[in-house]
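Here come two complexes built around chain A, the first alongside chain B, the second alongside chain C.
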Partner chain A sequence: MISFLLRRLLAAVPILIGVSIVVFITIKIIPGDPVASLLGPTSTPEARAALESRLGLDQPLPVQYLQWVWHLLQGDLGTSISKQTQVLGLVLDAFWNTLILTAFAAILAFAMGIALGAVAALRRGKAVAALGNAIALISISLPQYSVGLLLIIYIATGTGLLPTAGMYDAIGGGGWGDLFRHIILPGVTAALVPAGIIARMFRTTVIDVMSMDFIDALRARGMSERRILLHAFHNTTPTLLTIAGLQLGYLLGGVVFVETVFSWPGIGLLVFQSIAQRDLPVIQAGVIVSALAFVVINLVVDALHATIDPRMRAHS
Partner chain B sequence: MKRGMLLTDNRPVTSGGTSPAVPDQPSPQTSGRGTLMVRELSTTFRSSGREIRAVRSVSFEVHPGRTLVLLGESGSGKSVTARALMRLHGPRAVIQGDVTLGEVDLLGVDDATMRGIRGARVALVPQDPSAALDPLRRVGGQITEVLRLHDVVPDKAAARTRAIELLGQVGIPDPERAFRSYPHELSGGMRQRVVIAMGISCDPEVIIADEPTTALDVTVQAQILDLFAELQRRLDTALLMVTHDVGVAADIADEVAVMYAGSIVETGPAREVLERPRHPYTQALLAAIPTPDVARGELVAIAGSPPMAGEDFPGCAFAGRCPFVQDSCRTSPPPLVVVESGHLAACPVINPVTATTPVVGPSTESTR
Partner chain C sequence: MATMDVAVAPRLRRRARTSGTRRRLPLPSKIAAAVIALLLLAAVFAPLLTSQSPTVGVLGDRLLAPGSSGHLLGTDGQGRDIFTRLVYGARPSLLTGMIPVAVAGLIGTAFGLIAGLGKPLLHSSVMRFLDVFYAFPAVLLAIAIAAALGSGSSNAIIALSVILIPPIARVSEAETGRLRNADFMEAARASGSSWSALAFRQVLPNIAPAVVVYCTALIGLSIVYSAGLSYLGLGIAPPTAEWGLMISDLQQYMFTTPSLLIAPALAIVVASVAFNVLGDGLGNYLNVRSEIA
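Entry: the complex of A and B
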C-alpha cells in the first residue's frame, strides 16, 4: 500500500512540471503588457525598462521560468503586482475559501446525485424513476452562470432571505451561521451540474451491479432484499470513487464562474480579477495551486480505491 | 453433528444404491430429509405483451442421496426450471404447478419463509463461480455470512471454525488461507469449491447445481464432479444437476431427465436413457457426441433448430426435426409413454403404447 502511494506520488511530479510549464507559457503568450498596465499609458520608456528589469522580465524566458520554479519550490510565489503583497498569503486565503465552497457543493452534489441515481435505478419503469432522470438531465443542462444570476434575482433579491454575494456580512457578520447563509446559493449553483452527472453515472452503476451474478447468488442464499442492497451499494463504491475524482476536479474548476457571480473570495475570483489586472504572479500561483489540489484529490481517490477494491491492489 | 474431513477420509466410495453402511461412525442422517417433488411445473415469462413459455408442465422427484440430471441444450428450459423451484425469477415470471420439499409447499409459502429455505434447505450452486462471489469481500466473510444468516452457528468464532472446516471438506488444500483470500486470488476450480462449500454450509436437503462445471477446464470438471458425488453421498443430499453435457450426466446421474423446448421428453435411470434412448431427440443428441475417430468436419448434427422462444406449437416440439414424424405429432402433445419400469419417453410413435402414464414424471425413487 505504501509503495503504491509512493509510486502515485512520483507519477504526480511530471504532471506538476508539465502544468507549471504550460501555465508559464500561456501567461507569456496572452496579449497585454503587465508593465504598461501597471505604469499606465503616460509612462516613459525609461520607467518601463526600469520596472521590467526589477521584475526580471528582461531575462530570457527559460531563465525566467527556472527562477520562478526555484522560488516556487522555496514557497516564494513572488509579490502581487497590483496589490503589492506576498502572493502566497493571498492565494492560500483564497484557496481556503474555495475549499469551503467546493466541499459544501460536493456534499450537496453527491447527496443529490446518489439519491436521484439510486431512485432512477431501483425504481426503473416507474414514474419516480422518470422524474429522477428528468431532474438529473435538467440540472446537467443548466449553465452555472445563468443559474447563479437567476438565483440572485429571484431568491436573494426577490425574497431577501439569502444574501446576494460575499462570504460574510460586512457589518456584524462572521460565524458559522453567517457563512451558511452565504454559502447556500453559490453552493447550489456549483453543485447542480455535478449532481446531474453523478446521478446518471450512479444510476448506470447500480443497474450494472444489480444485474451481476453474485447479487442473484445472494438471493439464492436466502438474503433479504435490504441486505442485498447493502452488498450492491458496497460494490458501487469503486465506481463512485472514480466519479468523485472526476467531479471534484470539475467542481474545483466550475467554482471560478460561481465565485465570480457571487463574489465569493476564492481562488477563482482571485485569478479572474488578476487576469483583468495582468497580475501575472497571482495568476500563475492560482493555477498552480489548483493543479496541485487536482493532483492531491486524485491521489486520495486512488488510495481510497485501493483500500476498498482488493483487485486494484493486485493489479497496480 | 460435525462431519469428518471428507478428503482425508478413505472409506470406500461405492456408486449407486444406498449410502454405504459405516459401522464406526454414525451414518448420515436420513430421517427428516424431504423429497423434492415437482408436479406440472410451468414457467411463463411476460415481456412487453408477449408470453414466452419457457417451461411446459414438467414433473420429477429427487430423493435424498440421489442425483437427477436435467439434460438439455441451451434454451431447453433446464436452468429456468431449476431457478423456478427456488422462486428466483422476477415478477415477470408466472410459475404454475406444485413444488414440495417434504411437507413444505415451496410455491405457496410467503417470501420470508422462502428466504429462510433458500440457502438453508435448498442450496444453489451457480454456473460461474467467479461471478457468484462478491469481488470486494474475502471468501471467509461470505461463507460466515450465510452461516450466521441461517443461524446454524451460535457466534462469530463458531462461524469461522465451521467455514474453515467446510473449505477443508470441499478439498481446498489450505482452508485457513482460502478463508482470508479474495475471490480473485483463487483459481476457477478453487472458487467453485468455495461456492460449493457455501452451498453445503447449512446442510441443505436439496442442492441445485446449475451447470457447475461449465466454466471450468476438463480436468477440474472431473474433480468437481467427484466432489459433488462424494459430498452428496456423505450428506445424503438430493442433488438436482442441470447440464448440457452428456458426459457429466453419464458420470454423476442416477436418473436423467432430457429436456427439449421446455418439456421433459425422456426420463429414466441414467444407464437406461443414455444407452437405450427411446425418444428421437435423445437418440439424435447421443448420436451427435463426437468420438475420437471422427474425421475433421464430420461432426454429426441434428438438422434444423429447436422452436424459438415464444413460438407456439400445438404438438411435439421436436416434430420439425424428427425422422419418425407422423401427422398426429403436429397436432397434440405426445404423452410420456412407459418404455420400461421407470423409463419414460414422450414418443408414442417409436414406442408401442402399453399404458400411458398420467403426468407423473421421472422419479429417482424407482431405482432406490
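Entry: the complex of A and C
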C-alpha cells in the first residue's frame, strides 16, 4: 500500500512539472512589453534595460522558467498588480471559501446524481426512468451563470427567503446558520452539471453491475431485492470514487461563474475581479492552486480506491 | 498514471444491435435538430427578422418591459431592442461555440490517431502530454489563456480550442486502440499499407461516428463556455450583440427589471440543451455512446 502511494506520488511529479510549464507559457504569451507598461511611455532605454535585468527578463526562457519555479516552490506567487499585496495570501483566503462551496455542492451533486442515476437504471423502460434521463441530460447542459441569475430573480428576490449574494450578512451576520442560508443557492447552481454527469455515469454502472452473474446467483439463493441492491451498490463504489475525483475538479473550475453571480468570495470571484483589472499574477495563482488541488484530490481518490479495491493495488 | 486514463477516458460502449428493428433518431433528437436549424437560420437571416439595429438604441426607449409595443422582449439600458440583439447575437454565440469544437476536433482526432497507432513510446508521450491538461480545471485554464491573450472573440476561440483538444484526443485514442489489432488492420498491414493509409482509410472511417457524436455534445458545452467567457469580460467586446455579453450587461437591472435577463439566459440554455440532446440521440442512432466526463 505504501509503495503504491509512493509510486502515485512520483507519477504526479511530471504532471505538476507540466502544469507549471503550461502556466509559465500563459505568462509568456501575454502580448505587450511588461517593462514598457510598468515604466510608461516616457521611460529611457537605460531605465528599461535596468528593470529588465532586475526582473530577470534578459535571461533565456529556460532560465526564466527555473527562476519562476524556484520562487513558486518558496510560496512566492508574485505581487498583485491591483492590490499590491502578496498573491499567495489573497489566493489562500479565497481558496478556503471556494472549498466550502465546493464541498457543499459536491454533497448535493452526489445525492442528486446517485438518486437520479439509480432511478434511471432500476426502473428501466418505465416513464420515471425516461424522466430521470431527461433531467440528467438537461442538467448537464445548464450554464451556471444563467441558472444562478434565474435563481436569484425567482427564488431570492422572488420569495425574499434567501440572500442574493455573499457568504455572510453584512450586518449581524456570521455563524453556521447564516453561512447555510447563503450557500444554498450557489451550492445548488454549482451542483447541477456534476449531478447530471454523475447520474448518467452511475446509471451505466448500475446497469452493468445488475447484469453480472453474481446478481443472478444471489437471486437464485432467494435473497431479497433490497439486499441484492446493497450488494450491487457495494460494487459501484470504485466507479463512484473515480467520478468523485473528476467532478470535484470540475466543481473547482466551474465555481468561477457561480461565485461571480453570487459574489461568493472565493477563487472564482477573485479571478473574475482580476480579469477586469488585468491582474494576471492573481489569475495565474488561482489556476496553479486549483490545479494543485485537483492533483491532490486525484491522489486521495486513488488512495481510497486502492484501500477498498485490492485489484487496484495489484494492477499498478 | 494509469488510473487517470481510466478515470477520465470517456466511457464508450457499443450496444448490440437488435436485428430487425430499424434504427431511428429518437423524437427528442429530431426536435433538437429542428431547434438547432432554427437557431442557425436566425443567425444567418438576422437582418430579415428584425428591422432594428442591434448596436444603436433609442435613448428614449430605455429599459422597456417585455411586451412593449415594437419590443417583444423589451429594451436594454441603452434603449436597444432585446429581440434584435438576441437574433443578431446568435451569430457570434453559435460561431464561437462551434469553431473551437471544429478546430479541437481536427487536432484532437489527429493526436488520437498518432497515439493510438504509434509505437508505445510515442503513445505514452502523447498521452502523458494530454494528462497535463487534465490536471487543470478546464474552465480556469480557458480563462487563464484568454486573459493572457487579451479579450476578443478570436482569443476566446483559441482558449476554448486548447481545453477541448485533450478530451477529443482521448476519445479518438480509445477508439483507435480498439481497432489496432482488428483483423482488417492486420490484413491492411500485411498487404503493405502505409501508416497514412492505415490511419485515413482504415481507422478514420471507423472512429468517425464516435468522434462526431462526442463533438456534437461538446458544442453545447462550448457554447456555454464561450458565452461564459464573454460574460466574464473575456470574449467578444461590446457593443456587439452576443448572449453572454447581454447577460452581463442586463445583470445590473436584475433587481429593477429582471424580466429582461430571461431571454438571453434561456437562449444559451436552449442552444446547449439542443446540442446535448442531439448528441445523445446521434449516439444511440450510430450505436456509440460517449459520456462527457
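Operating definition for what follows: the second predicted complex is superposed on the first by the 281 of 316 C-alpha atoms of A that agree within 3 Å, B and C clash if a C-alpha of one lies under 4 Å from a C-alpha of the other, contacts with A are read in each partner's own complex, and residues count from 1 in each chain.
Here, contacts are C-beta pairs under 8 Å (C-beta built on N, C-alpha and C of every residue); 3 or more make two chains touch, one makes a residue touch a chain.
Just so you know, these numbers come straight off a predicted model, no measurement behind them.
**Student:** So if we stack both complexes on chain A, do chain B and chain C clash, or do they fit?
**Tutor:** Overlaying the two structures gives chain B and chain C room side by side.
**Student:** After the superposition on A, what does A:N235 contact: first (chain B), second (chain C), both or neither?
**Tutor:** First partner only, chain B.
**Student:** Touching A:D302 in the superposition: chain B (first), chain C (second), both, neither?
**Tutor:** second
**Student:** Quick one: the Cα-centre angle at chain A between chain B and chain C, nearest 10 degrees, please.
**Tutor:** 80
**Student:** Quick one: is A:A291 in contact with chain B, with chain C, with both, or with neither? Answer first, second, both or neither.
**Tutor:** second
**Student:** Of chain B and chain C, which one contacts the greater number of residues in chain A?
**Tutor:** C
**Student:** So in the superposed three-chain picture, is A:P143 touching just chain B, just chain C, both, or none of them (first/second/both/neither)?
**Tutor:** The second partner, chain C, only.
**Student:** For A:P31, decide between first (touching chain B), second (touching chain C), both and neither.
**Tutor:** second
**Student:** Applying the touch criterion given at the start, work out whether A:R219 contacts chain B, chain C, both or neither, answering first, second, both or neither.
**Tutor:** A:R219: touches chain B, not chain C.
**Student:** In the superposed arrangement, which partner chain does A:P265 touch: chain B (first), chain C (second), both, or neither?
**Tutor:** In the superposed model, A:P265 contacts neither chain B nor chain C.
**Student:** Give one of first, second, both or neither to describe whether A:V23 is in contact with chain B, with chain C, with both, or with none.
**Tutor:** second
**Student:** On the overlay, how many Å separate the closest CA atoms of chain B and chain C?
**Tutor:** Minimum C-alpha separation, chain B to chain C, in the superposed model is 12 Å.
**Student:** I'd like to check the shared interface: which positions of chain A are touched by both chain B and chain C across the two complexes?
**Tutor:** In chain A, nothing is touched by chain B and also by chain C.
**Student:** What does chain A use to touch chain B in their complex?
**Tutor:** Residue list for chain A touching chain B: 212-214, 216-224, 231, 234-235, 237-238, 308-311, 314.
**Student:** Spell out the residues on chain B that touch chain A in their complex, using ranges where they run on.
**Tutor:** Result: residues 86, 88, 115-120, 123-124, 126, 128, 131-137, 146, 149-150, 182, 184-185, 195, 198 of chain B touch chain A.
**Student:** Applying the document's contact rule, which stretches of chain A touch chain C when the two form their complex?
**Tutor:** On the chain A side, the touching residues are 8, 11-12, 14-16, 18-19, 21-23, 26-27, 29-31, 134, 137-138, 140-146, 149-150, 152-153, 157, 197, 200-201, 204, 242, 245-246, 249-250, 252-254, 256-257, 260, 271-272, 274-276, 278, 280, 283-284, 286-287, 290-291, 294-295, 298, 301-302, 305, 312, 315-316.
**Student:** Show which residues of chain C lie in contact with chain A when the two form their complex.
**Tutor:** Residues of chain C touching chain A: 1-4, 6-8, 11, 13, 28, 128-129, 131-133, 135-141, 143-145, 147-150, 220-221, 224, 227-228, 231-234, 244, 247, 251, 254-255, 258, 261-262, 265-266, 268-269, 272-273, 275-277, 280, 291-293.
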